[in-house]
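There are structures below to look over.
Here come two complexes built around chain A, the first alongside chain B, the second alongside chain C.
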Partner chain A sequence: MKLYGKFFSIHLRCQMQYKASFFMTSLGQFLVSFSLLLGIFFMFLRFNTVEGFTFEQVLLCSAVILFTYSIAECFGRGFDAFPMMIGNGEFDRALVRPRSEVFLVLASKMEFSRIGRLLQAIALFCYAIPTSGIDWSADKVLTLFLMISCGVVIFFGLFVIYAAISFFTIEGIEVMNIVTDGGREFGAYPFSIYGNEVLKILTYVIPLALFQYYPLLYLIGVRDNPLYIFTPLIGLLFLIPCYGLWRFGLRKYKSTGS
Partner chain B sequence: MSAYLALFRIRFSAGLQYRAAALGGIATQFAWGFMLILQFAAFYRTNPDAFPMTPSQIASYIWMQQALLALFMTWFVEHDILSSITSGSIAYELARPMNLYNRWFCQATANRVVKATLRFVPILLIAFLLPEPFRMTLPENLEQLSFFLVSTVLALCVVVAFSMFIYTTVFYTLSSAGVRLVASVLADFFAGAIIPLPFFPDGVRQVVELLPFAAMQNMPLRIYSGSITGSDVLWGLGLQAFWLITLVILGKLAMRKALTKVIVQGG
Partner chain C sequence: MITLQNISKSFRVAKRQTGLGNAARALFSREYKKVQALDNVSFTINEGEMVGYIGPNGAGKSTTIKVMCGILTPDSGECKINGRTPWKERKSHVRDIGVVFGQRSQLWWDVPVIDSFELIRDIYKVNSNEYQKTLDTLTELLDLGEIIKTPTRSLSLGQRMRCEIVASLLHNPKILFLDEPTIGLDAVSKIAVRQFIKNLNAEMKTTVILTTHDMQDIEALTERILLIGKGRILLDGSLTELQKRFSCEKTLIVDYNGQMPKLSDNMTPVELKEGRLTVTFDPTKLSVSDAIAYISNQVEVADISVVSISAEQMVAALYEEHKI
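Presenting the complex of A and B:
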């Protein structure tokens, strides 16, 4: 942990050397997700609700997704850039070091410019938490906390899968963007609006709905079975196949030789 | 002219080398299109009366948008052009007996066309065979289809003319990332890349429909899907032509100004 702190401070100082570029990238990140929000806003000006969800409830949902994705991307960036690490042989160097590979990949990269998105998510929370009409009792606060913390972990698991696949393909595959970038973009709305089939996939295969849709139902009072508070925890089981795939890939790993 | 054609051909065949990447891209865009249609369908179910297009129009709009993504997205940039400015190889470009603006214009257009060529046939082929709420339909008549083709060419040229401004700013700033991001987010939003212009609130929409961004993907996609018909089509094509001429003239002026004091980076 202490070592991770050291890596953290190195990356932070390193990226602060290019302040203008850092702020520009952060601003860009902010603008990209802002234009999506503006789109949501325009849609709600016209329709007022979607499938029974109000604008504020949808914003709460967007905030959770945006927040968890940004955090996961900021710290899981090493896995996101992992195909490059295999390609240039950097990973071979990590293998001979006396630390676990997961730790070394994790610490190899951090991307702080995601703060642009993160700030936006926080602003959204500030607006949506008081206006969504939710009575913030202790159980609801716990629900929101679980949504966020488990959400980060589940997105992180997706990055690990992305990295594990590149053990076999060497190159990153664009198809994975459907679940990572797609999860972020389409997760701005509760996943139920995309219909039953999509919701089932996002519950049983890629458990994004477990920390987004089901606990949201409890938050806004559509469901009052307290089991819904803990659905994000079930999503954590997703990490087992993620790690399994990573181990499997690692065993099969052949260096690219460069 | 033949020199520009040759340039176009070289870029085109170079782009055809990356077929596997195109396949992955197709799968991604396909899933993306599905999710977008489902999203709009949810709004339609909630309140069909407030929906400014028909469900089949929105399906056609989205599939055509996915199929022609490479033609219209302003965030595709020519890294060759950007790096030629920062690396100094612009000096060679300037020594060639070709107009720099025309040359870059050609290069950027060719790259977009080749990217789109690889992708649009498979996407459209599947989109036409899908079941009802997702199925893509042909325009009502041949006239509408031919207007769509004209409008697509114009929109592509407007997008490239717009991106030429971005390249010109690199002469002054060297790092283009910031300008590029801001410009492309703005352009894509007002061109209807995130939600089609008919979904914009009244008042805002009337203004946005006159901007140069409306001459980008908004026009061909809406002509194809049948959201713009009759005399509005001709008016729309006129708007596209107007913005194309304006942007090219302004772009050439801006580049001439930038070139009078270009400093070639050594090395």
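Presenting the complex of A and C:
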């Protein structure tokens, strides 16, 4: 952990060498996600509620997704950019270091310009938390906390899968972006609005709904079964197949070298 | 101590064919071709040895290095390095080795070199006193001084390569793998790097395995060479031995004043010009001193030199001999 801090510091110093680029990218990140919010805003100019959710509740949902995705992307960048790392031989370099492979990939890259999105997510929280009409008792605070912390981990797991697939093929790997970037875009709304089938997939296959939709129902008081508080924790089980696939890919890499 | 026994490794490579039609077909079914990258490779390298590992591109050099670094698992065969199998105990194994990839940097581009060094120190958990001691010795040996306070991106290639080598040695490895360490360097830097590797081997008893295409590296550094071609070890011997084998012929170059001298029967002319003559001869039939005497008796010699076959020519001859 201390070593991760050292890596953090050296990445920060490197990226601060190019301040203008850093601020432009951050601004770009901000604008991209801002357009999404405008979409939500205009939608609610015409309809008062979407599938029973109010404007503020949807914003809260967007904030959770935006926040978790930004954090996961900032620190999981090594996995997100893993195909490149294999391509240019940087991964071979990492393998001659006496640390675990996951750590080495994790520490190899950090992307601080995601702060553009992060700030936006924080601003959304600042607006949505007081106006969403939720009575913030201890259990609701805990729910929100679990949504965010487990959300980061689940998005992170998706990046690990993305990286693991690139052990096998680098062609056509963009398909994975449907679940990562797509998860972020569509996750701005509660997943139930896309219909039952999609919701099922996002519950049982790629468990994004476990930290977004179900706990949100508890937050806004649609459900009061306390089980809904802990659905994000169930989503953490997703990490097991992610790690399994990673190990499998790594074994294959070591036996083929490509 | 490094031992490789019957290491074999083959890759499946997708056959690529030209043309749009074939490319479209390749989307659905691909033909694979088996490439034998390593074929029963065996050798032993003792502690403190310095070995030149040579062979043309694609001969299997880097595959062997990857196997020895624990990056790649071979199909069959055994490899023990300091008692460990590299790919089975990667983490403890890599603590004992240092690797320099000539074309791939391990230094962070935008921060002073010393920052990279400190991070590497922490990755290897080297304690501060030991680190400081090693760093001081190495910076002095390589004459780095102020250079390590400069960001990597503003270093010259030669300075950077010296820093790369230091970075690979901070944890005091017993074995150092150098993959083309002098590639792209100017003459002065090349000599500095070679001298350093030599000192390192002499003083620290570090085992050095060097792959290179620069035969001067080999000539300056290694006693022993391993030649690999098409995945097989073709030759394992000392440079002098090889030289003997090929140097049944010597070249005599004489700059002279006056008339062109007559040649002895045992001399084969290569180039005869006014004022300079180049001949080859077999030293078993005509000794070097006799050859020189034969010429200098006839003309006034301004300059004379006797050359054995260069390592470069030798390797070219070897490649030819083995058809690789």
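In this text, the second predicted complex is superposed on the first by the 250 of 258 C-alpha atoms of A that agree within 3 Å, B and C clash if a C-alpha of one lies under 4 Å from a C-alpha of the other, contacts with A are read in each partner's own complex, and residues count from 1 in each chain.
As a convention for this text, a contact is a pair of C-beta atoms (placed from the backbone, for glycine too) under 8 Å apart; a residue touches a chain by one contact, two chains touch by 3 or more.
In this text, all values refer to a predicted model and were calculated from it rather than measured experimentally.
S.K.: Looking at the overlay on chain A, is there a clash between chain B and chain C, or do the two fit?
M.R.: After superposition on chain A, which the two structures share, chain B sits beside chain C with no clash.
S.K.: Check whether chain B or chain C contacts more residues of chain A in the superposed model.
M.R.: With both complexes superposed on chain A, more residues of chain A are touched by B.
S.K.: Contacts for A:Ser255 in the overlay, against chain B (first) and chain C (second): which applies, first, second, both or neither?
M.R.: So A:Ser255 only meets chain C here.
S.K.: Looking at the overlay, does A:Phe47 come into contact with chain B only (first), chain C only (second), both, or neither?
M.R.: So A:Phe47 only meets chain B here.
S.K.: If we overlay the two complexes on their shared chain A, which of chain B and chain C does A:Asp92 touch? Say first, second, both or neither.
M.R.: In the superposition, A:Asp92 touches chain C alone.
S.K.: Take the Cα centre of chain A as the vertex and report the angle out to the centres of chain B and chain C, nearest 10 degrees.
M.R.: 90
S.K.: Across all Cα pairs of chain B and chain C, what is the smallest distance in the superposition, given in whole Å?
M.R.: In this superposition, no C-alpha atom of chain B lies closer than 8 Å to one of chain C.
S.K.: Which of the residues in chain B end up touching chain A in this complex?
M.R.: 21, 24-25, 27-28, 31-32, 35, 38-39, 41-43, 45-47, 50, 52, 175, 177-178, 181-182, 185, 188-189, 194-195, 199-201, 204
S.K.: Taking the complex as given, what residues does chain A use to touch chain B?
M.R.: That would be residues 20-21, 24-25, 27-28, 31-32, 34-36, 38-39, 42-43, 45-51, 173-175, 177-178, 182, 186, 189, 193-195, 198 of chain A.
S.K.: Residue numbers of chain C touching chain A in their complex, please.
M.R.: Listed in rising order, the residues of chain C that touch chain A are 11-12, 63, 66, 69-73, 75, 87, 90-92, 94-95, 97, 99, 101, 104, 106, 108-111, 115-116, 118-119, 122-124, 151.
S.K.: In the complex, go through chain A and note every residue touching chain C.
M.R.: Spelled out, the residues of chain A in touch with chain C are 2-3, 6-7, 10, 13-14, 17-18, 88-90, 92-93, 95-100, 254-258.
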